[in-house]
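Heads up, there are several structures right after this.
Both of the next two complexes hold subunit A, though its partner changes from subunit B to subunit C.
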Partner chain A sequence: MDISSLYNHVAPWMDGSGPMNDIVISSRIRLARNISGFLFFPRADAQQQRDVLNYVHDRLMTTDVGKSMMYLDMENVPVLQRSILVERHLISRRLAEGNGACGVSISQDETLAVMINEEDHLRLQAIAGGLQLEETYSQINRIENVLEEQMEYAFSPRYGYLTACPTNVGTGIRVSVMLHLPALKMTGQIEKVFRAARDMRLAVRGFHGEGTEPIGDFFQLSNQTTLGKSESQIIEELTSLAVIPIVEYERRARQKLIDDRQVALDDKIFRALGTLGNCRMINSEEAMFLLSYVRLGVHLERIKDLSLNTVNEIFLMTQPAHLQNWYKKDMDPTQRDQMRAEFIVKKLSSPSN
Partner chain B sequence: MDISSLYNHVAPWMDGSGPMNDIVISSRIRLARNISGFLFFPRADAQQQRDVLNYVHDRLMTTDVGKSMMYLDMENVPVLQRSILVERHLISRRLAEGNGACGVSISQDETLAVMINEEDHLRLQAIAGGLQLEETYSQINRIENVLEEQMEYAFSPRYGYLTACPTNVGTGIRVSVMLHLPALKMTGQIEKVFRAARDMRLAVRGFHGEGTEPIGDFFQLSNQTTLGKSESQIIEELTSLAVIPIVEYERRARQKLIDDRQVALDDKIFRALGTLGNCRMINSEEAMFLLSYVRLGVHLERIKDLSLNTVNEIFLMTQPAHLQNWYKKDMDPTQRDQMRAEFIVKKLSSPSN
Partner chain C sequence: MKCQLCNKQATVHLTEIINGEKTEKHLCEECAYNDGITIKAHVPINELLTDLVESQEQASELSELTCPQCTMTWSEFRKGGLLGCPKDYEIFDEPLRKIISKAHENAKGHIGRSPLKVSGKHQDQMSLFRLRQKLQHAVDNEDYEVAASLRDEIEKYGVHN
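So, the complex of A and B:
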């Protein structure tokens, strides 16, 4: 399997067909695990890190699921390709920027990734479009079990799974959903929603996860607590107490906009479409901001001749690394802004939308 | 002649065919005159004002030029129609808002207007597209002479023509040109130009003349001095020392934008076009601001499938009174913003552009 085969199209899970995809972009679960008998990654020296990588890699490769995945030794992956993997949510920024022995295995359909020597020896990730946390959990659970037959996880009967950072101790689980909440933002209710989420000890982050600011009305909601609750409890609480109510609020806010402020709503949607379809330079922040309105317009069927797939494709392909890969050249930010505009204008004017 | 025949199309002089029309929108000259033997308008009582109106009207109507014009007794003109006349630059705001006996005669082609009892007994105005001050002066001179055969102007051998406001004494002439200077604005040179103009005792005003702010890079330049120089001298100085150099500066700035910042320039032009072509509500200020870039784009042949005539039509027809007349209803500002957007989107998407 050739990694470059991934780059020029959207992943199947991004086709916008998942449940509640009008509001829930994606569901993601990652598990942090460490191998018993090895020093935690941040404390290990180069040779010990290499030993862990080899140990995990060799055992992963004895399994069917491991064999079906594409393995990348990160030391051999050029910077641009690392950034592409980040933009596709396949690896973390930390792994992309990391030195030392580390690697990742990625499933053909890009829904599963096993990072080795990120912060923990193992970071398992499963992702799906729309709200599919239970299915996602089954998937990640399956690979976790497969791997458990090959190696012993560091585990304390008292604390649960042991991790490099204490915030992950216990279940080692991080459950997150990416939400698109333009109507709550437009109607000024978003802060109220976030306050409620924070009161539930949930984290609210931007499109690119930890340490990023919200852009274009996309928000990542995730659990902060990993200790004292079971995985199912964490998933169930996040779903029923946070995601579903927020989806309901957003839907109500959208309906209210249609009922009370139809023209103002259309104005925002079509201006965004008009600007995207005519700009000659645009940075990624503005592009996301405008695409957010266009996505809303497509879901509300205000924009009729544009597919969600095209919107998702523009989202993905106009990120800096994808863009440079698409045009096959290194570009400074000014050039990227121009080529991003060119890509978007072409996509929006093409009849194949 | 029916006044309503004017409203739904642009005046012939607005067709954008005048000299230097890439930068000079229009040339306008007005003369202030008063009739000897009558009190100045602001000092006269209602009956005396009525006497002046009748006196001037009757004499105007004995002349061929007067007969060929359309006469409007302002007391019979509804508010909306008064505003339309202002938007077409046919009467001043002062006349539109004035009480008492006043009127205006307008030529068929809308290049000539005779206001009676504005601030002075007579305000003669001639207007033309592009830079045509000499031709405009000939035209206004002709009607001034025709009227002089019918009545005696208040004149002092020492001061020249006497006027209600001392700032107009002497020649009573106000010579003005409307300039479109987007490139000087974009390149930050506009203030320097205005400082030079003010040093020459010229006034710089907005699109709607006295008391209005510049919007959308349109600036009215006019003489302030009416005393101590002949009419020809005032026209010649304004033309050769101000208008022509400014036109040169603007052309050079446009060329420099094309040479050095083509993409940034196109970005502004096409975003403006995209926003105008897709908005669902837009106020007149933003519309002018965006139309300014579109006009530039048409002149620089960056926008190829849009005629200057359509741009001018949108400029004129989206002003509040024209818009209400077009849609045949009174509208509050919110409704106007919506109908303005509707008008513009339709105009820009119509193949007859």
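So, the complex of A and C:
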């Protein structure tokens, strides 16, 4: 199957469904694994890196799950396509920017990805829309059960799965949720929420994960402790101690905005919609910022004639790499801002475009 | 409210009562952290390394430690923050232990999933690991009789496991 067929529409898991989808955009779990008997990726020379890639690829391809996925040797993937994969949350920035032999296998519905030679030999990833961490974990477990029959992992009884960075050792699990928290931001409570999250040893990051600033009220929350707790305990703690309470706070803050400041809220929402619908040049940061209000407006049913699917589509398709791919040409930032505006105006005037 | 130590916005408010005497502190995040009142949530690995290791290293010859398998030295790891191979966890055990403990809320050891396949030299340790898993399970279920007999079995492996 040709990977480029994916690029012109949103992934099924991005359709805006899923539990608590008014606030939880997505749930993602990653597992870090290394193959016993090889040096860790950052220490290995080019030949050894190639050996690991071949070793994992060959074994992955003997399994049904591996055969059903699309495999990409990153060496053959041009820069633009790498960025598209990052924007679709299918690979990490590290894999996209990395040198050396590395690859990725992606399931057709884009919910599963197996990155080979990222920071660790293997990074398995499962993703779903809304709050679905348990389902996501059972999905990643299914592929892990198949893979572990094929290879032996570096493991120590004391430290669990051994990873290149000691901060990932143990379960090697990174559980994260993407949250949309515009009302907490507007009512000035977001810092309080982050402090509480940080006190619980959770990391708070921006839309694109590690090393990115939050834009447009989207925040990624994930565990940092990977040792000394079981996978299910880590998932359960993140869910019940952080995600559920934050969702409650955000809903309460939204309700309070409607009760006390409805006109001011509508003003923000409809100004955002107005700007997006009439702009002639817009950068991706401003677009995200305004789309955040529009998304809120759709969920609160202040905006009635726009579907969440269209909002999500604009989100994804107006990111730099997707936009260039859509218009099939290299563009400098100014041209991109024009094309982005054109795309958004067209979508909003007639969503079926 | 402004921070008492600098002029930034105070976000950490602490009321202490010592010997019946009440004191209040109003600090910004940075000063509260420097004061040891709060901990930084996302401590990057490099910071963990410099903070924790500097003191002990002055006293010992840790920086000379070298892994025979990947030739990584302890000081190299300190610079880059990434280990070279699984064996490093044994070779750098002593200095690493503190870093790992600090990074993982003082965790004592791994709990959770374990692999299907484990090579020869780890087999013993694996059975020990499985016993520990069972023990955890027994304790969780308040099955103290089972827990006691599992503890006896674990002791047979020696204290340092």
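The criterion applied here is as follows: the second predicted complex is superposed on the first by the 350 of 353 C-alpha atoms of A that agree within 3 Å, B and C clash if a C-alpha of one lies under 4 Å from a C-alpha of the other, contacts with A are read in each partner's own complex, and residues count from 1 in each chain.
Heads up, the rule we're going with is that a contact is a pair of C-beta atoms (placed from the backbone, for glycine too) under 8 Å apart; a residue touches a chain by one contact, two chains touch by 3 or more.
All figures in this text were calculated on a predicted structure; none of them were measured in a lab.
Engineer: So, does A:Glu285 touch the first partner subunit B, the second partner subunit C, both, or neither?
Structural biologist: After superposing on A, A:Glu285 lies clear of both subunit B and subunit C.
Engineer: Considering only touches as defined above, state whether A:Glu97 meets subunit B (first), subunit C (second), both or neither.
Structural biologist: The answer is neither, since A:Glu97 touches no partner chain.
Engineer: Tell me the contact category for A:Glu149 with respect to subunit B and subunit C: first, second, both or neither.
Structural biologist: second
Engineer: Let me test your reading of the model: by the given contact rule, A:Glu75 touches which partner, first (subunit B), second (subunit C), both or neither?
Structural biologist: Neither subunit B nor subunit C is touched by A:Glu75.
Engineer: Kindly classify A:Asp109 by the partners it touches after superposition: subunit B alone (first), subunit C alone (second), both, or neither?
Structural biologist: In the superposition, A:Asp109 contacts neither subunit B nor subunit C.
Engineer: With both complexes overlaid on chain A, does A:Pro42 touch subunit B (first), subunit C (second), both or neither?
Structural biologist: second
Engineer: Using the touch criterion from the header, give the chain among subunit B and subunit C with more contacted residues in subunit A.
Structural biologist: It is C that touches the greater number of subunit A residues.
Engineer: Just to be sure I read the superposition right, which of the two partners does A:Glu248 touch: subunit B = first, subunit C = second, or both, or neither?
Structural biologist: In the superposition, A:Glu248 contacts neither subunit B nor subunit C.
Engineer: Which residues form the common part of the subunit A surface touched by subunit B and by subunit C?
Structural biologist: none
Engineer: Where on subunit B is subunit A touching in the complex?
Structural biologist: Touch list, subunit B to subunit A: 263-264, 266-267, 270-271, 273-281, 338, 341.
Engineer: What residues of subunit C sit close enough to touch subunit A in their complex?
Structural biologist: 11, 38, 40-42, 45, 48, 69-70, 72, 80-86, 89-90, 96, 99-100, 103-119, 122, 125-126, 128-129, 132, 161
Engineer: What part of subunit A is in contact with subunit C in the complex they form?
Structural biologist: Residues in contact with subunit C: 34, 36, 38-40, 42-43, 119, 144, 148-149, 151-162, 164-167, 169-171, 173, 191, 195, 197-199, 201-204, 224-231, 233.
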